[in-house]
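Next come two complexes, and both contain chain A; in the first it sits with chain B, in the second with chain C.
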Partner chain A sequence: MSEKKVDFFSEQWLKKYQEILNKNAAYKDAAKDWEGDFIFQIDADGSTVKEPARAYIDLWHGDCRKVALAAPGQKAAFEYSGPLKNWKLLLAGQIDPIKGLMARKFTLKGDMGKVMRYTKAAAELVATAVKIPTKFPDEK
Partner chain B sequence: MVWWFSVPKVIFGEDALTTELEQLSGKNAFILTDKVVMGFGFPERISEILHDHQWSVAIWDNAEPDPRVSSVKSAAEAMRRFSTDTIIAVGGGSVMDTAKAAWVLYEHPEIQLEAITPLQPLDLRHKARLVCIPTTAGTGSEATKAVVIREDQTGRKFATNNAELCPDIAILEPGFVKGLPKELTAYTGLDALTHAVEAYVSVWKNDFSDACTLKTVQMVFEWLPKSVADLTDLQAREKMLIAADLAGMSFSNSQVALGHSLGHSLGSVLRVQHGLAVGLSLPLTIEYNCKDKPETAKLYAELAALVGIKKADPELAARAFAKKIRQLQASVGFPTSLKKAGVSEKDFNDGLDKLVQYAMMDSSITMNPRDIDSGGIRKMYEYMYSGTPVDF
Partner chain C sequence: MKGYRGKILRVDLASGANSVTPLDPDMARDFIGGAGLACRMLYDMVDAKTDPLGPTNPILIMNGPFCGTMVPCGSKTSACSKSPLTGLWAHSTFGGHLGADIKFAGYDGIMILGQSKKPVYLFIDDSKVEIRDAKHLWGKDTQQVWETLKTETGFKNAGIARIGIAGENLVKYASIIIDHFRAAGRTGLGAVMGSKKLKAIVVNGTDRKVPVADEPKIAERSRQLNEEKKDTATFMMYSSVGTAGYVDMATDMYGSFTAGYYSVPDFSTYNIGGSAVKERILVGKTACFRCPIGCGRVIEIKEGKYATGRFAGPELEVTGTMGAQLLNNNLEALCYANKQLDLLGIDTITGGNVVAFAYYLFKQGKITAKDLDGVKPEWGEIDSALALLHKIAKREGVGNLMAEGSLAFGNKFGVGNLAAQVNGLELAQHDVRGFSGMAMTYATSPRGACHMTADMYNVQMGQGDEGFGIDSQDRFANEADLVAKFQDFRCLTNSAVMCNFYPITSNELAELLTLVTGWTYSVDDLKRAGERIFTIMRLFNLRMGYNPKNEKLPDIVLQPLKGPSEGHVPDVEAHLNKWYQYRGWDRKTGKPPKSKIKELGLSSLQSQ
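And then the complex of A and B:
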């Protein structure tokens, strides 16, 4: 039987993300010196997503220390954002996270020099989200 | 998804150099080179042609192998003093990469080189254009968006790319590689082969890059042994220049993979020449990547078929291809292990932790078709040190 789907960017989804990331040995290995928090954002699209949905993820030395829904003005060292339709493709494994940035399907803000030293860890961050059976806001 | 394939204008064949330089437009040409290439008189030859066409020319010959940020900065400063409108890089990958990075700082002194990614616009070409003339047949940097620079403090090489870094013009002049000694001919030739093979299995592979790879693999197997056997064979030199350029086009648009992560780190920590470093890595990465990865094995099998390997089982074909590359290496006097390349056991053991750390930090690792962790990388280096085929 397949796992029950959880709502994208809900508290439950974020907890699940934290749980899977903390069990991901490849992430721990690649991010063992990483210091810096992230905000993931689903951009507002004027229809399904009225306000930007934001998730805060605190990452420290290979550990995901905290996850929480984030307020509009909340800051983090890095911010990765894109519209819902692209998040759906990303989570379906149909968009490569870096190619997605190059094709302007997502944007990334933050210290690029640092990201370039941790591309493997960044790829694992996305690979972790792919593992969660997700229910998107436009799904019944 | 949308994708881009960028290449420069490439000029090759008889009189390529003179023909192109005579047509070049601009006023102030900044020839960037190194002392070795300077000694061959190539920059002077270019300067003479340009002088005949009313150019002002400055020659800067301070480029260093595996350039550091500080060296790049002094090149940029010299470009500024000369009000450069055309940068002409004449040299190996190190010279061409110095030129690319200095060009960025010349146009925008505020840019941090470590922070260049494929993502953001660099906004180049307001002040100058870039012409590259390679004097080694390997890196293909004259045709790539890539640049590799070393941090001053740590010595770590970092590789990045951006579409705007693709040179405007690449001139392939076989006479300029004729003086390349046997060892460097072999090392740089293996760099070209590594670019081609890695691009073909990279997670960003695409049909345009694949086409370049297929031709490169055939050409390297045919012409590298001839280049090494007779260093004055101009036809072989030209074919290797073209092969390296094609390989550059291939990986520039699809990326390199694990072999370059291992290689860049070897260049950083043990100062192993780039072609030697990636060439040693290549067969090991093929053996690693083909295991339990039927789709990747099939890609290697396609390349293997080009050099006469026919096996029904793709993994066996891939392993035979790795063996064939080792045979090619042996035929051109390329060492079969890090140990045979002259790295002492002490230096290797002392450097191993750093080697692993820097390889993990290299962005090409993300492009590899099979995942690897730091334990796997450590093992790769150990196998490379002794020259043992990979079985894990």
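And then the complex of A and C:
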């Protein structure tokens, strides 16, 4: 029996994400020195996504300390954003988070050099998200 | 002419004469500038019999229409000639501000002919051109020469190109060092300068008003472009952590860098990449003329065995050759080796590859310490590499053989087939197993296994170009047609001459060329120009005796690797077939058909 899908970037989705990420040994190892919080954003597209959808994730030394829906204007050390279609590609494993940046499918605000240092951790962040049965905003 | 000065300075070192010849506007429009225009000009001047280190091989330093203007990252310049390493086409693009100084002095290029009997340097102060004695500079390293010439000429901000002792001793992969340790590294152009007894070129240009078609729009568009590009990943990465910032990502995510040619592929680059440099030893940054990125690093290691003082930091390729290829993860040792390569004037890619090859052959038992004059290399240590590099620069003992390149070195011991090279030029550090497009980049590049004539690792990470129809779907797939398209695109940036690190699109390039020159360029015009330039480079090489049978990769890079490259190995024959089919060239002879040559307006060359 397949698991029930959870709305992308809902509180329930974020809690699930935190739970799985904190059990991910590969992430813990790759991010053991990482210090810095993220805002992930689905950009508004004027139709399916009327307002940007934003999630706050606090990452510290291999742990995910906090997740929450992020308010407009809320700041974090890093902001990774892109349109819904590219988030779907990312979670489908069709692009990786770094290639997403290189291909300009996503944008990053923050210290690019620091992110380059943690590419394995970035890959594990995505690998964790892939494990959640996700219902995207354009799905009924 | 807009964007050009319309003048080429010709200097004959044999007679001491100099003259100015006009630049043909039609030729400029068709071949743009830089490597493309230089290839068209040199095509008529050299042939298969020309000795690359003889008096009849010119060296031509060409800038492009953007040079000295507001166009961002458009002031790079090409040094061009017939390569002493490959016997084929040679161009090497360099940064700094020398190119802009040449433009400000009133020239689109400097062509140097003949050979001097004694060491000289070329001094250019606008229209004043002098060949000056360089006896006091001969035998000096590239930093000593730079400092001496700034003081001696009184022009502290002059653009200065110089060679080290490797160039003096005709090491076939000697580099030319430019300004703050930028380099025309590849294909041995430092040896061509050395063969002419030309130690340096000093250029002071004062007319900074380069004529352009629409200056206000260029200024406005340049500002817009910088604003748009500054948040792109490559711009941010090169600015934040330099070119070597790519190391961590490419190693961890793609298994493409650094290449596992001679050593184990799962070596950790964590301690030697651009981020490590930033965290530990970075004290400043440098930028080329009109560059908003500033990828140049300034580092300082104050003490210890590998103290460098304040010096240019390691860029991407040397992090591979002096770091990962030797299994050296000592950042200080890497920086010290990088400095030695720059001071001696040795190409960091070929020089590093030759040394790594010696390590490999020794560890495999194919050569002995006696073959290496008593040097006993061990993976992870760099002192053997330093000893060998100094021998190479002086052509001392085994260094005399190693100075000929890895193919000649390997052939001496019956293992030339193991050398990581194509057409005599050593592979850059981007592994074909991580990004399959690099297979055709290396196999079919006009200058041997170079990465700058089609950096397919960027394309296969998603940096395509809509106007040119370049859109990679799979980094392991046969995308040889995309390689051909991207080679044409890079012919344009290498002719414009624009930095490959600036993420320009073909639409933007067409717009900028139009605004600068006043000639109307469409994307279709650019496609034709790019193909024309790539084709003339092939015609040049065929004239030199190019053999398409050499379009193959060494077996050593065709064994599957574990890790992020997932065991993929490109099928070189299949890629070549697709590449030739796309180009419409003859697979056996390597020749473009007459119809194509005519279509590109190159028929006059075929009759020669």
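Everything below uses one rule, namely that the second predicted complex is superposed on the first by the 140 of 140 C-alpha atoms of A that agree within 3 Å, B and C clash if a C-alpha of one lies under 4 Å from a C-alpha of the other, contacts with A are read in each partner's own complex, and residues count from 1 in each chain.
Please note the rule applied: a residue touches a chain if its C-beta (ideal position, glycine included) is under 8 Å from a C-beta of that chain, and two chains touch if they have at least 3 such contacts.
The shown structure was predicted, so the numbers you read here are calculated from the model rather than taken from an experiment.
When both complexes are overlaid on chain A, chain B and chain C end up clashing with each other. When both complexes are overlaid on chain A, the residue A:109 reaches chain C alone and has no touch with chain B.
Of the two partner chains placed by the overlay, neither chain B nor chain C lies in contact with A:136. By the touch criterion defined above, A:25 lies against chain B but remains apart from chain C after alignment on the C-alpha atoms of chain A. Within the three-chain overlay, chain C meets chain B in a clash at only one of the listed stretches 26-34, 404-412, 530-538 or 584-592, and that stretch is 404-412. Shared interface residues of chain A, touching chain B in one complex and chain C in the other, are 95-96, 98-103, 105, 108, 111-113, 116-117, 119-120, 123.
Residues 1-3, 112, 114-120, 158, 160, 203-204, 360-361, 363, 365-366, 371, 373-375 of chain B are the ones that touch chain A when the two sit in their complex.
Across the interface of their complex, chain A is touched by residues 231-234, 236-237, 239-241, 245-246, 248-249, 252-253, 273-275, 278, 458, 461-464 of chain C. The touching residues of chain A, when paired with chain B in their complex, are 25-26, 29-30, 95-96, 98-103, 105, 108, 111-113, 115-120, 122-123. Contacts from chain A toward chain C in the complex involve residues 95-96, 98-105, 107-109, 111-114, 116-117, 119-120, 123.
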